[in-house]
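Have a look at these structures, which come just after this line.
Both complexes shown next keep chain A, but they swap its partner, so chain B is in the first and chain C is in the second.
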Partner chain A sequence: MNSTFRLRDVGPLVLVLGFVFISVAPILWLTLGAFKPTADIIAIPPVWIPDFTYLQNFRDVLTQFWPFIVNSLVATIGATILALVLAVPTAFALVNHRFKGREALADWILSTRMMPPIAAAVPLFVIFRGVGLLDSLPGLIIAYAGFNLPFAVWMTMSFVRRVPKELIEAARLEGCTWWQVLKDVVLPLSKSGLAAVATFVFIFAWNEFMLALFLTTREAKTFPVVISSFVGTGRVYWEYIAAASIIQCLPPVLFTFFMQKHIVSGVTMGAVKD
Partner chain B sequence: MAYAVSMTRAPKEATRRSFLHDDRFQMMVFIAPTCIFLALLTIWPFIYSVYLSLHAVKLTAMQRAVFIGLDNYINLLTDPLFLRAMLNTGMLAVTSITCEIVIAFVIAKAFVSLSHLKWVNGLRSLFMIPMMVTPLIVGMIFSYVFNPVLGIANYLLGGVGLGPVPWFGGSTAAMISILLINIWQWTPFMMLLIMAGLLSIRADLYEAARVDGAKWHHVMRFLEIPSIKGIVLLGVILRIIDTLRFFDVVYVTTRGGPGDSTMVLTLYAYQQNFQFFQAGVGSAAAVIILVISIVITTFAVKLLRRIEDE
Partner chain C sequence: MGEIALQNIVKRFGELDVIRNISLTVKDGEFVVFVGPSGCGKSSLLRLITGLEDVSDGQVLIDGRDVTKLAPSERQLAMVFQSYALFPHLTVADNIGFGLRVSGRPKKEIRERVLTAARALELEPYLDRFPRQLSGGQRQRVAIGRAIVRAPSAFLFDEPLSNLDAALRVQMRLELIRLHDELKTTMIYVTHDQVEAMTMADRIVVLNAGRVEQFDTPIALYDAPANRFVAGFIGSPKMNFIDATAAGPNRIETSAGGLDIANLKEPLPDGRLTFGIRPEHLRYDRHVGVWSGTILVEEQLGSDAYFTVDVKSLGTLTVRAVGERGYRRGDTIFLTPDPDRSHVFDAQGRALTRPTTMASGSTAARVQTGTA
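On to the complex of A and B.
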């Protein structure tokens, strides 16, 4: 394909650059604020370029609020693991086991994704209060895993479907139990898919805000809940908000980057001769 | 590889015929936990919400629930704040999704026409960033940018002799600001879908249209729109559901204010339940939100199936 710049590309390019600027500028502006001391962040006219070696805001946020970052991490990682542990066998069975009502069951699982979390809010609050899961990390893990489960099952199904049927049949003919087929055939072959599912669940759980807002009060408060409390009444510490926002955005980026290594396509290539 | 190893040791275990090795039992073990989990998280809460919505009940004193029939629903439908929340949510869904589709279509066309330039991919990734930022942080970003005192938006507008714009301060302005934030965050998502649709159109169809002397709006109407209809509808369904759940951004920017000007459904239900502890009223609102979600998705999925069948 011809990859040189043509004169008629100017119009679209200007348009694209304009929209890229609108997309990026607000994010960039808050990011710059994270490196400004109080006097600079409230200065008008604004201080455009801060001193990037000024890391006091990050230090302050981390020393004051690290327990809540830990809470967020534990809840997110726990929910990711729980969601996968439940979703993978279910997806496997829904793909490989023919039984009456299979499609209906799969549809039902996916349809629960449409449930607005607010509709489950009070019942969830009441059960959790009853069994002492309110304001606890196990409670958050259960809630987050549950709300991500439909999506995780649905996405895992699409990866399990790609495992060649011949391999599964061969394993069954050799006398493997379904459990062994799952553990020794399907799991090793859908590793990259599972990494993708894990990445999505991780991001959803890490960014979750409303459930944490009423399910946690002190002990298990997550980092987003803490950030939201920065804009209460009285003086708003914009420099801390900026630093905390960057910290909040980092784990999904790091996790995605880390998982990328495992998301390699074509693992099953060559496993079956046509 | 792993599966080759397993096959050699499997038969011995399988000969031990216990119910643990029964196929149907194994499959049930695989499926049951998820189903129980989801039932507890969706079916049971739904039944319980309906039950609560028919009672006068405080979240702080659940045992003192008094049956009042449909009073909560009747009160909701005559509560100006709830009606405002319905109106705002509907308005937000219609205007923001429409704007998103129009802008996304234009940008997608621009990106497609530039797709022969390799480095444009980088620009596309930059353009996608807003949809990856946590909605809560998006709220923070715009509280900062639109701040009446130290906000950069009014400073820049002042520099060219405009403003100051009240942003979250005035009632109409606040709603428009929320709308702009939505469009800002989700146009990239729509763009991604539309671009996928446009790229699936075969080049020879464009060529044929050109040979036939079709104008750009003919190409758009008879070639491009039919090709992206399905995927855009899918995007619209997801966005409507998002809008019904819309909470984080309003919670940190306006809390539904000033007055009731940016109140939305989920925030209304949240406040009734967890700020005023009116579990009955809050549950009735939640049930209404759920019913709207179910009606819209069922309808939309039917429509989607029909488009795909064409």
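On to the complex of A and C.
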């Protein structure tokens, strides 16, 4: 730290700080706002530093809307599990089995990703109404898992492909059935990849808003939809929006943090001669 | 038991014929080496035996049972890969016991058998380590341990030593020979290294372009190669080849004069011939000989010296001189091919000679040129 301060370093520094401020400002505003009563939020001149012991906003949101947080959690965790359960065997088969039309099938799976969810929303609404899945958590889980499958399959494929071919062959010669190869060799070796896939699906499903708005009304309504309802025609509940947004941000952060421990590189080290 | 029979095996990848109609039988307990240049199909043949690749045509029999349609897991074979293929998430003990665990053996039995195998391979101190914590030689031994612990009907090795350094390779070679003597289980070993092939094999399959060129004992391949390919492939330095034509039923003509051939199986046909003589079967002298030439290069190994000799109108010939110290670059040298050890090949490369001097004593040496 003995370098002298130079004037030409100031420009980039100011630029970077400005950029950081623009990125962080909304989150900062939300965080501060979550701890303010309504009056303080709209006060002029603004109350910069709130009283962090003021937790009434959180208390209100949690007591009144906790069932929707539970809905969000169930739909998200359910969709993550369902997507993985379907994607892993699919990816394994697409990578390791030679069959006619394999490439076409893989491409087709990916192509379904190109469809914007909004295009599917109305048909999904009609179908779900027909089979009684409207405004139900299983319906949401199926929709979320479905929209994430193409991506999950492709991402899992890239991790399954990294398992050295010889390991799979060795396992088969050792007497493994294909299921055992998947369970005993490929899964343990793609753990880090699966953690990444799970994280992505989790974040998508947790933050999903539009489909939830379409497909749920009361019973299965998710938390993002609830947050949007704080913007009423008569009044905007800024303090609830702030508190709820903080709550909304927490699970993905925690989940990613937890998964990070599993995303360890170099698990295949020593498998084959490097 | 572990007799492996291939019947009219064909393997095609699209238009490309990788294996062209191979039939051969590896006897129970035999150590057979598949050898050949890269791309000859030796590894493909091994994979067809394991079932990792499906045959396009033909049958694979293990102990008389047709396993052509069976999955690799049902063939009771164990394979050691060039890359070792150890499971990186499992300890040495779990790697060795993997097959037993998969087949649902009781824990106690697995532990005992793993321990026995580990003891035999001197791996006992490393049982709790992971593959990444082992050296190349140790990893290779773990791979071998994983193969022997299941007591399969045959072991298959796919160039298992080529990732090891030279000293370790020699040591592992000896260990494998010892292992085979102990277990007496059928072993099929793929290599491109003819030293490995010659030193380890009971019998060698020489492959070229998807065909079996010759299937015989190492000594028979060396003494009586069935064709020019085998003659050139087995032996180091390579056999010398000289273009020739027939000048009578048992006399050939080269650009440096005629030669009588003593050990012909059949009269010489008309047309192009090739005369072959190994570097160690060229007698050399300072004053007398059939051909005279100048030493271009002298490679001194101590035990042997290799001379590259420029013989006018014949080109260069290689001579192996055991313990020779007396010659220098530029010296004139006279060469005479050993008549009993000479080879003549017809235009198709087929051997027309039967070298008369075989291993001492065994005049009835097996010259079975089993191209099946």
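Convention: the second predicted complex is superposed on the first by the 264 of 274 C-alpha atoms of A that agree within 3 Å, B and C clash if a C-alpha of one lies under 4 Å from a C-alpha of the other, contacts with A are read in each partner's own complex, and residues count from 1 in each chain.
Here is the rule we go by: a residue touches a chain if its C-beta (ideal position, glycine included) is under 8 Å from a C-beta of that chain, and two chains touch if they have at least 3 such contacts.
Keep in mind the model is a prediction, meaning the values are calculated, not measured.
Contacts of A:79 after superposition: neither chain B nor chain C is touched. In the superposition on chain A, contact is made by A:248 with chain B only, not with chain C. Once chain A of one complex is fitted onto chain A of the other, the partner contacts of A:118 are limited to chain B, with no touch recorded for chain C.
By the touch criterion defined above, A:137 lies against neither chain B nor chain C after alignment on the C-alpha atoms of chain A. Of the two partner chains, neither chain B nor chain C is touched by A:226. Contact with neither chain B nor chain C is seen for A:69 once the two complexes are overlaid on the shared chain. The partner of chain A that touches more of its residues, comparing chain B with chain C, is B.
In the superposed pair of complexes, A:167 makes contact with chain B and with chain C alike.
Note: residues 167, 170-171, 174-177, 180, 184-185, 188-189 of chain A belong to the chain B contact set and to the chain C contact set alike, using the contact criterion stated above.
Those residues of chain A that touch chain B in the complex are listed here as 1-3, 5, 9, 11-13, 15-17, 19-20, 22-24, 26-27, 29-30, 33, 41-46, 86-87, 89-90, 92-94, 97, 99, 105, 109, 111-112, 114-126, 143, 145-147, 149-150, 153, 167, 170-171, 174-180, 182-185, 188-189, 206-207, 209-210, 213-214, 224, 227-228, 230-231, 238, 241-242, 245, 248-249, 252. Looking at the complex, you find that chain A touches chain C at residues 164, 166-167, 169-177, 180, 184-185, 188-189, 267-273. Across the complex, chain A is touched by residues 50, 52, 71-73, 75, 77-79, 81-89, 98-99, 102-103, 130-134, 136, 139, 146, 150, 163 of chain C.
Remark: chain B residues 1-3, 5-8, 10-11, 13-15, 21, 23-24, 26-27, 29-31, 33-35, 37-38, 40-42, 44-46, 48-49, 52, 59, 62, 103, 106-107, 109-111, 113-114, 116-118, 120, 123, 126-130, 132-137, 140-145, 147, 149-150, 152, 155, 184, 188, 241, 244-245, 247-248, 251-252, 266, 269-270, 273-274, 279, 282-283, 286-287, 289-290, 293-294, 297 touch chain A in the complex.
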